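Structures follow.
One chain, subunit A, links the two complexes that follow: it is found with subunit B in the first and with subunit C in the second.
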Partner chain A sequence: MSRLAAALVYAVLGAVTFVVCFPLLWAISTSLKPKEEIFRWPPTLIPERVTLESYRELLFGGAVASAPGAGVPPSAFFVDWFVNSVIVSVGSTAISITVATLAAYSLTRFRFRGQRAVPYVAILGYMIPSVIFVFPMFLTMVALDLPDTLLSLILGYVCITLPFCLWLMWAFFRGVPIEIEEAALVDGATRLQVFRQIVLPMALPGIIAASIFSLIVSWNDYLFGRVFMNSMDKLPLTVGVMHFFDGTHVDWGLMMASSVLMTVPMAVLFGFMQRHLVAGFGAGAVKG
Partner chain B sequence: MRFRLSDRQVGVLFMLPLLLAVALFLVWPIVEAVRLSFVRYNPLRPDDQPFVGLDNYLFVLEDPLFWESFRQALVWTGVSTVAQAAIGVGLALLLHQPLRGINAFRGLLLFPYIVPTVVIALNWRWLFNAEIGIVNHLLLSAGIISERVAWLSTPDMAMASAILLNVWKYTPFVVIVVLARLQTIPTELYDAARVDGAGALRRFRDITLPQLAEVLAVVVVFRTIWTFNKFEEIYLLTRGGPGTSTYNLALYAFDQAMANLRMGVGAASGVIMLALLLAGSLLYIRLTGFGREDRAA
Partner chain C sequence: MTDVAIRRLSKSFGANRVLKALDLTVPSRQFVTLLGPSGCGKTTLLRLIAGLEQPSEGEIRFGERRVDGLPPGERNIAMVFQSYALYPTMDVARNIGYGLEVRGTPKAERRERVGAVARVLEILHLLARKPRQLSGGQRQRVALGRAMVRKPDIFLMDEPLSNLDAKLRAAMRGELRRFHLDLGTTTIYVTHDQLEAMTMSDLVVVMNEGVVLQIGTPEEVYARPANLFVAGFIGTPPMNLVPARNEGGRVTVEGHPLPVAAPAGAPAELILGIRPQDVSMAAPGEPGTIPGKVWMVELIGSERLIEVEIAPKLRVTAQVRASHRAALDDAVAVRLDPAQIHLFDPASGRALARDAGRETGAPPA
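Right, the complex of A and B next:
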């Protein structure tokens, strides 16, 4: 490729990268500004004075005792929401991954009737929009006396995470060679020993990739949290932060600080596991 | 004595959680959604669920808002999908070039996919804020616009902003899939074409495009189905507004069930969405031969 062409490619990619990164850079910049600077016109690109005020309010606002009857500001619940999101994402991922891994192993190592329907079920499951699942599931939770509990949210998220975990684990196990297992079985190992000691370690990259997808999907969900949950202290982050719009005055500093704090765990996962993530994308396990 | 399982029993045992989960989390909600679509159900009076036949479906099909939502969903889906496919293929081609540092770009350009929708919606509302938003400021100072644009409070601009959000978030999906396919095109094809004197454009038209055709069809079907049913991307940005100008079917169904407490009507519109989705999935299966023995292996 000529140098001119290469320079052009870099220029276009640079411009696109800027567009991709700008919303988050702008969020970071806004989150670090003092309140009066946020509302200045024309806006300052880089904060003139850097302050962690917004972060402090989110992370430690709950500790500030408010006067009785004055009403607790939504930001006081931020840490609760964060913990809730972690619990429900990890909980539903654990269920989906366990179920999917066991089934995918069985599907690729045994033969039984109806087996061929499974990929269809998986693909159908992950095509169906949450808005169809959410109300029947909600009514079921009401019938089970579970609404407004983190457990209901964990179960709800299984609806959206299980199909593609199954899909990914199934694709993954098809690529794991069967010969080592056969050798171990011939040597007298039981199937369960083979599964624990040989298959699970080999399947680890697939399990990690599927877990990341599952965590991202449940961390991102808004709809289930919005329909299932009521109490302020039990909301997941996504539903909680939308309450910042409730008042008449919108505090963009708080908003952007919560944006940053919500993205950080995903960015860490993403950076840490990028190789697995790309492998997973290649296997077609994308929900979006 | 230790309890030992036969091979066969392990196989069945491992399938049981999935069968249970599929029954509980996939079959049951869908069956329940279909049942709800035939009853009148107000969640405030859960014990009173009279069967109303096709009333809910008739209500939906006679509701002008449903058709408005449907038309808007077509615009939202069509523009988003075409833009994602075009930009996605272009970027994938650039990212396929053997240049130094290209891996860093690949990583960065996948980033939007993992950003929570709520975060993007918050950022968008801030970026496109009519009074003090940075987008208006940048466009004003560049002289592209002469007065502030009310991005989220005029119907056309709200739809455009929502589409932009959607394209920003999901173009990486197209990039990844197309890039993966590009990497499997044998380089001999290009070498042979070069020997035959084919220029870059010829090579793109006669080798790259035909090789990408199948995967592009798949990507477009997937993106069309998913985009058509998107809820959060629109709801969090505009709440369907201003007025009802950015409603799609998912927002319509949500609104009927949540705001109007007509669970039956919401379920009926959900079932209609499901029918459209099944039609799209069949098309996908036809296009790719998905699940056939030769491909499943």
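Right, the complex of A and C next:
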């Protein structure tokens, strides 16, 4: 009976895993197919002939496109979009994490008016759908003469990621025993030394978690990129790849190759950082 | 060598006044224990001495140096926290040497001093480990090592043994006392455990509700409690405290005269205190005894506690040899050793007649 139960559990788990993974598998498969195989019926999951044609066009298409007289195909901008996405994701994450870490630390360690309300107001702000404030924010960007710049996107992403990062770091710092910092103060460390040498290393798992969150949000965002950006060479990846879909035809090969290339950095990052996330922080420092 | 002088020290958290104009002198090289129940202000006092809290009023001096405005790092103190508070991301060697590191001690000297302390504490083999890889006792030693390595003027210890199991705690009590005798550093030790206070201290400071109620050697606070609070707090099982009367200079309990004279000027109403081991069992009707009946009998190893009800809801506990048999509701009498009787003024709570040790004059709550 228990063997049957185990078999059932594995069957269900296998089915769920397949459903979850299928889109990714399909994207990888399609990205590796030659164009004529993509629409063949019945479809093939494993390409009969593997080609890197779509990837080549995305990554090196820019050189071809610069030939005089040729219309510039959207794929020529893929590398630009990729770089843009990296800049805005990393930039907004750096700002969000720096501000959130310092703010959360002060919220848990110093007493001031409204101290308890700040994290709750922040998390409330995060719950407002971004579609509500994207247009007011766009108008603000216009007033600041910032639309169609990467800086506007960075600021936009900071607005949506900062509240949650602040909340996360706040919850994290609340769990860091204050005696450890007091011990360092008694040992003769300055406030800054305490923060740099004691608090930050302890907060690393929290910082990594918040960074992953912020990177994923800004990397995957479509709305802000669509509203704020206009020039072809300044689009983020998510908005850019929509140009492979132009109303008359969809270039599924490029679309899927782009999807794979967009997924890879996040997957690698997550795989690498995951180890740090689970590193047993704090254990053993205070009574167990 | 540094003595600690605390003058009119007060600390309030909002409307809550935790320390009330407290005066205390900790003599140089002594092991002084702050003893009191939870919330009596002893940890707050220690944190004020450490510089982790700022006093609302009053001053703290280490020797001639006034320190209450200085940050903790400039007071040359070391503190052992109840939770040990080791740095989780650093190995044991760096944990111990961190105080030297931030003070700019050269690496070679640091390594040498950390090694010397680790050898004394027998944790040399643990230097490369992280705190989470240590047992409770080992963490305790690392915390001690971190305090010892800097050769501070004063050791502050906040219930450092409370997270250890009973056996280890007993062993560490002896070791801490031994370290203190070897190093001779002024030590202020906070605990609510009177056994720790009695076994380790040169001086015991009994505190309650933000004031010092008595300062004395362990023998003094035990044998000559200055007031009702100290009398009831020190000693296991606790002292019997029963209402008594001064009838023309003669002390009576429930109308039974005792062979004890009330001191001159004693009020009519008294509280009589006597430790259970100074109470013996007698046959009913013997002169100078108080009759009653056995209410409860408890065996505590080699001895037996017999609770005798001498009046409704008024019981006296006698600690007698385990061989002494008594059955519930037996008619018995208790004899109080007249030399060991303490008398207190119920209004002020102060001890009467006997030398009350170095009482501070603050009334108990």
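As a convention for this text, the second predicted complex is superposed on the first by the 265 of 288 C-alpha atoms of A that agree within 3 Å, B and C clash if a C-alpha of one lies under 4 Å from a C-alpha of the other, contacts with A are read in each partner's own complex, and residues count from 1 in each chain.
The rule we apply is simple: a residue touches a chain if its C-beta (ideal position, glycine included) is under 8 Å from a C-beta of that chain, and two chains touch if they have at least 3 such contacts.
On a predicted model such as this, the values are computed, not experimentally measured, just so you know.
**Student:** When the two structures are overlaid on chain A, which partner does A:L146 contact: first (subunit B), second (subunit C), both, or neither?
**Tutor:** Neither partner.
**Student:** Thinking of the overlay built on chain A, is A:I180 touched by subunit B (first), by subunit C (second), by both, or by neither?
**Tutor:** So A:I180 only meets subunit C here.
**Student:** Of the two partner chains, subunit B (first) and subunit C (second), which one does A:L59 touch, if any: first, second, both, or neither?
**Tutor:** A:L59 sits against neither subunit B nor subunit C.
**Student:** Does the superposition put A:T190 against subunit B (first), subunit C (second), both, or neither?
**Tutor:** Once the two structures are laid over each other on A, A:T190 reaches both partners.
**Student:** Between subunit B (first) and subunit C (second), which does A:M232 come into contact with in this model arrangement: first, second, both, or neither?
**Tutor:** Neither partner.
**Student:** Tell me the contact category for A:L124 with respect to subunit B and subunit C: first, second, both or neither.
**Tutor:** The answer is first: A:L124 touches subunit B but not subunit C.
**Student:** Quick one: name whichever of subunit B and subunit C touches more residues of subunit A.
**Tutor:** B
**Student:** Common interface residues of subunit A with subunit B and subunit C?
**Tutor:** Common interface on subunit A, subunit B vs subunit C: 190, 281-282, 286, 288.
**Student:** Which of the residues in subunit A end up touching subunit C in this complex?
**Tutor:** Listed in rising order, the residues are 177, 179-180, 182-190, 193, 198, 201-202, 204, 280-288.
**Student:** For the complex, which residues does subunit A have touching subunit B?
**Tutor:** Those in contact with subunit B are residues 1, 6, 9-10, 12-13, 16-17, 19-21, 23-24, 26-27, 30, 39-43, 95, 98-100, 102-103, 105-107, 109-110, 112, 116, 119-121, 123-125, 127-133, 135-137, 139-140, 142, 155, 158-159, 162-163, 166, 174, 190-192, 195, 216, 219-220, 222-223, 227, 237-238, 241-242, 252, 255-256, 258-259, 262-263, 266-267, 269-270, 274, 277-278, 281-282, 286, 288.
**Student:** Enumerate the contact residues on subunit C facing subunit A in the complex.
**Tutor:** Subunit C reaches subunit A through residues 50-52, 71-74, 77-79, 81-89, 98-99, 102-103, 130-134, 136, 139, 146, 150, 163.
**Student:** For subunit B, which residues count as touching subunit A in their complex?
**Tutor:** Contacts found on subunit B: 4-5, 7-8, 10-12, 14-15, 17-18, 21-22, 25-26, 28-30, 32-33, 36, 43, 46, 91, 94-95, 97-99, 105, 107-120, 122-124, 126-127, 129, 131-132, 134, 137, 141, 168-170, 173, 176-177, 180, 225-226, 229-232, 235-236, 250, 253-254, 257-258, 263, 266-267, 270-271, 273-274, 277, 280-281, 290-291, 296-297.
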